[in-house]
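Chain lettering (A, B, C and D) follows the sequence in which the chains are written, and residue indices restart at 1 in each chain.
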Amino acid sequence: MEPYEIEFIGENRIISITPNFTHDKIYLICGEFGPFRAGLPVNVPLWLAIMLKQKQKCHVIPPDWMDVEVLENIKEEEKRSRFFTKMPNEHYMVEAKLILGSAAEDVPNAPEIKTIIKDIWDIRMSKLRTSMDALMKTGGGYGRLDHLTMMEINSVKPLLPAAMDNLLRMQMKTKKTAPSLNLNSSTFSQSGSSQNT
Amino acid sequence: MVINCQSLIQNLKINNRIFPKQKQMSTENSGYLSITDILVTTEKVPCKFLHDLPKMGFLDPSAADVDLKAGCSVEIPLWLAESLYSRRPPLVSVELPKIYKESYREILNADACAVDLHKLGQHFYELGCYVAKHDIKSEVAATLNNTYRQRFRMLLAASMSSDSINTMQPLSASERIQAADASNTERSFLTWLQRGDTPLTTANMVANHRKRKRAEMEML
Amino acid sequence: MESTEELQFSDDEEEVTAETVLKTLQSAWQNERLSPEILPHQNDMVECMLGQIQHMERNINKLSKTDLRTSIHKMEISRIKFIICNYLKTRLNKIEKYCIPILNQERQRIETDTNYLTPSEYKYAQEYVLNMENHMKNVVLNKMPGNMQVFEMNKMAEHPNLQTHVFLKANETINGVVLEDLTGEDEEIDLEEGSQHILQYKPIADLLKNGKVTLL
Amino acid sequence: MFAEKVIELIKEVDRNPDTIDQYNDEKIRQIIEEMHLLFKLNMNDANATTENRSLWTTVQVRHSALERNKRCILAYLYNRMKKIKTLRWEFGAVLPPDIRELLSDDEYQWFSKYSGNLALYMRSLGQDIGYSGIDLTENLKPPKSLFIEVLCVVDYGKLELEDGDVVMLKKNSRHYLPTSECQTLIRQGILKQIM
């Protein structure tokens, strides 16, 4: 999948906004949202929040985890742990990119937050590359990847699954018991005769 | 609003139904129409003919005879070698190309990353899979496996590097494709991250034909 | 303009909202995109969503152009249209690529009423194979020497690689998934609810079709 | 050596994966000629195998070459078919003349049949609930905004929008248009999105 498709999936997440307008409930196919009261927080899907923000109809309320202290802790924990830590949000990268991209002024310390999130991403990706190399070295055909987010998983495609496929294919093709691959396995026959030497 | 889609429920139920186990081919697709497999099987391998082949002297460029005699060694394309080997009894015995022989296997097993597969074996893995069965000691299979696993870190490095020419240089044809795919993934992630929005773009073939047309016009 | 009211069914207690249908369709799309083989169709979900869109579009026309809701509804419709188009197109790509084995299996599945393709998709696949065969015969095969003229269906068939490795998340705990090993030492693993794995597609194909795992 | 000419065809396909070349009528003809020659030689030698049994081996070698030629020609055709399908999705049902002439007459006929089958399928979508079909060549990317700014790259002419407005698309003119109504023109390289 492409990153913008993962973003599309992540855009369904619900976040809070403070609208600057008043409106009754809006009935969408994906659920009902509102009522909207100017100044009062309300939950909407991320795509709608961004859309309203672009129309200057709301402030985005940053999710709890979008905070320097919280993120610094996550970053330290990620550095310390051999494993992948559980992220506060399974689309953290998408949410960060969209909110910091369209509503940076609603997020205190936005530039720092941006940097820390990218740091966390880089630490996790480097860990992921090390794990991939280890997995291939042991010749594994199976791996467990708890807590990796969809965007992170996507960033090792097609490399990791293709490499595992290649190893397996080579093993299958060179297996002694396997019948040899005949390119032209049909036997020659002509006008009904099928004699052979 | 009440929507009457009766069948919807049935469909939700289908999700809980156990689907019948299907019979599936367990092997990879034969690759009959695969361009890659065709190119791999064009590579030449040394063979020893076990029977006389009247009128086939031209297969051996070093001999002037009309006929090819049993016992002579000739390099022939893999597709022909495979076909002649699969006859009962086999018409040829296939020998290992040098990259799969013991001296190279030792080098590969010691440090696979030091070997320039671009120079020594464009289709190292693919060709290796075909010729592995001709190795009596069956060490080729292990070498292929081992080489690929060792060299995986070269793919990782190539996919991360901005200096693609140098890191790609020693890779085999299929390794290059994997490294290029991986670096595309990396690039499209970075583009996504840096740009606010991904613009709608001209379709690939449309753009490439335009480019080619422009290049042709400029040449005139 | 209400569309999220519960859809009601006379013969069943189950209630399905448009929201649920959309979620089901979305995960069908995701799984279809990520699985090597074609999955059972979800035509009822697609049609139900198309009906919702139609209904919504009619209502939008009643709103004034400046009404805030107009652009919000239009955006949501665009999003759902993207899912539907991409989902159907993904299926079409697989149907074309693996047309020969898909048609062979589908013929058996139709007999047991467990078809994977919609009637339109089935018709499309049949016509597609026929056109391919005719083209190859007309252009080259018929001009080849006698015994070379046959269109060899089995050789021409391209098969999905069911041994390919996929990423997945377990929607519920599943015990005893058997991972085949070529050395003959099969390994059994448990997939705990919420856990994520990379493994071969084949042993989890049925779990995917039963909604027990989601591809990532 | 056998079946060498056909490899030139295969390399042709391999070289330019993102464009389609002129159909190589002449080479196909030559390869089929080679096949007929091999076949004739085999017929003669097969009849002579009673006197010289080792000729049978020679027959088998030629037979392999025949199979190889067949496989490669079919792979050439098949890979072109894949590209022709892409043409349908990217350019639409009407091909620009300079692209059209890269296809053989038979290929163009196949293109028309493919296009017709696809149109039939797309028209069937949603028919049961009163739709007149869905165009799957649209909505290729997730929507980000309802309107986008575009630059017109060629003199295209009038474009009538769903709401009845008519826009004149002239080279280098800029427009603010509904995303859903200019996606196809962007794909076809007529409009370019301005970011």
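We adopt the following convention: a contact is a pair of C-beta atoms (placed from the backbone, for glycine too) under 8 Å apart; a residue touches a chain by one contact, two chains touch by 3 or more.
Please read all numbers here as calculations on a predicted model, not as lab measurements.
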item	value
Distance-maximising chain from subunit C - centres being C-alpha averages	B
Euclidean distance of C-alpha centroids - subunit C vs subunit D, Å	25
For subunit A paired with subunit C, centre-to-centre distance based on mean C-alpha positions, whole Å	21
Averaged-CA centre spacing for the pair subunit B and subunit A, given as whole angstrom	29
Residue numbers of subunit B (touch at least two other chains)	28, 30, 32-33, 79, 83, 196, 198
Residues within subunit D bordering two or more other chains	57, 60, 64, 67-68, 71, 74, 78, 140-142, 145, 179
Junction residues of subunit C - those touching two or more other chains	2-3, 18, 47, 51-52, 71, 75, 79, 82, 155-156, 161, 163
Chain-level touch network, classified as line, ring, star, complete or other	complete
Subunit D contact footprint on subunit C (complex, rising order)	46-47, 50-51, 54, 71, 74-75, 78-79, 81-82, 84-86, 88-89, 92, 96, 120-121, 123-124, 127-128, 131-132, 135-136, 138-141, 143-146, 148, 155-156
Residue ranges of subunit B touching subunit C (in the complex, touch as defined)	1-12, 14-26, 28-30, 32-33
Subunit A-facing residues of subunit C, complex	1-4, 18-19, 22, 26, 30, 33-34, 49, 52-53, 56, 68-69, 71-73, 75-76, 79-80, 82, 147, 161, 163-167, 179, 181-182, 187, 189, 194-200, 216
Residues of subunit C touching subunit B in the complex	2-3, 5, 7-9, 11-12, 14, 16, 18, 21, 24, 40, 42-45, 47-48, 51-52, 55, 101, 105, 109, 112, 114, 155-159, 161-163, 202, 206, 209-211
Complex contacts: residues of subunit A adjacent to subunit B	2-4, 7, 93, 97, 101-102, 129, 132-133, 136-137, 139, 151, 154-159, 162-163, 166-167, 169-176, 180-185, 196-197
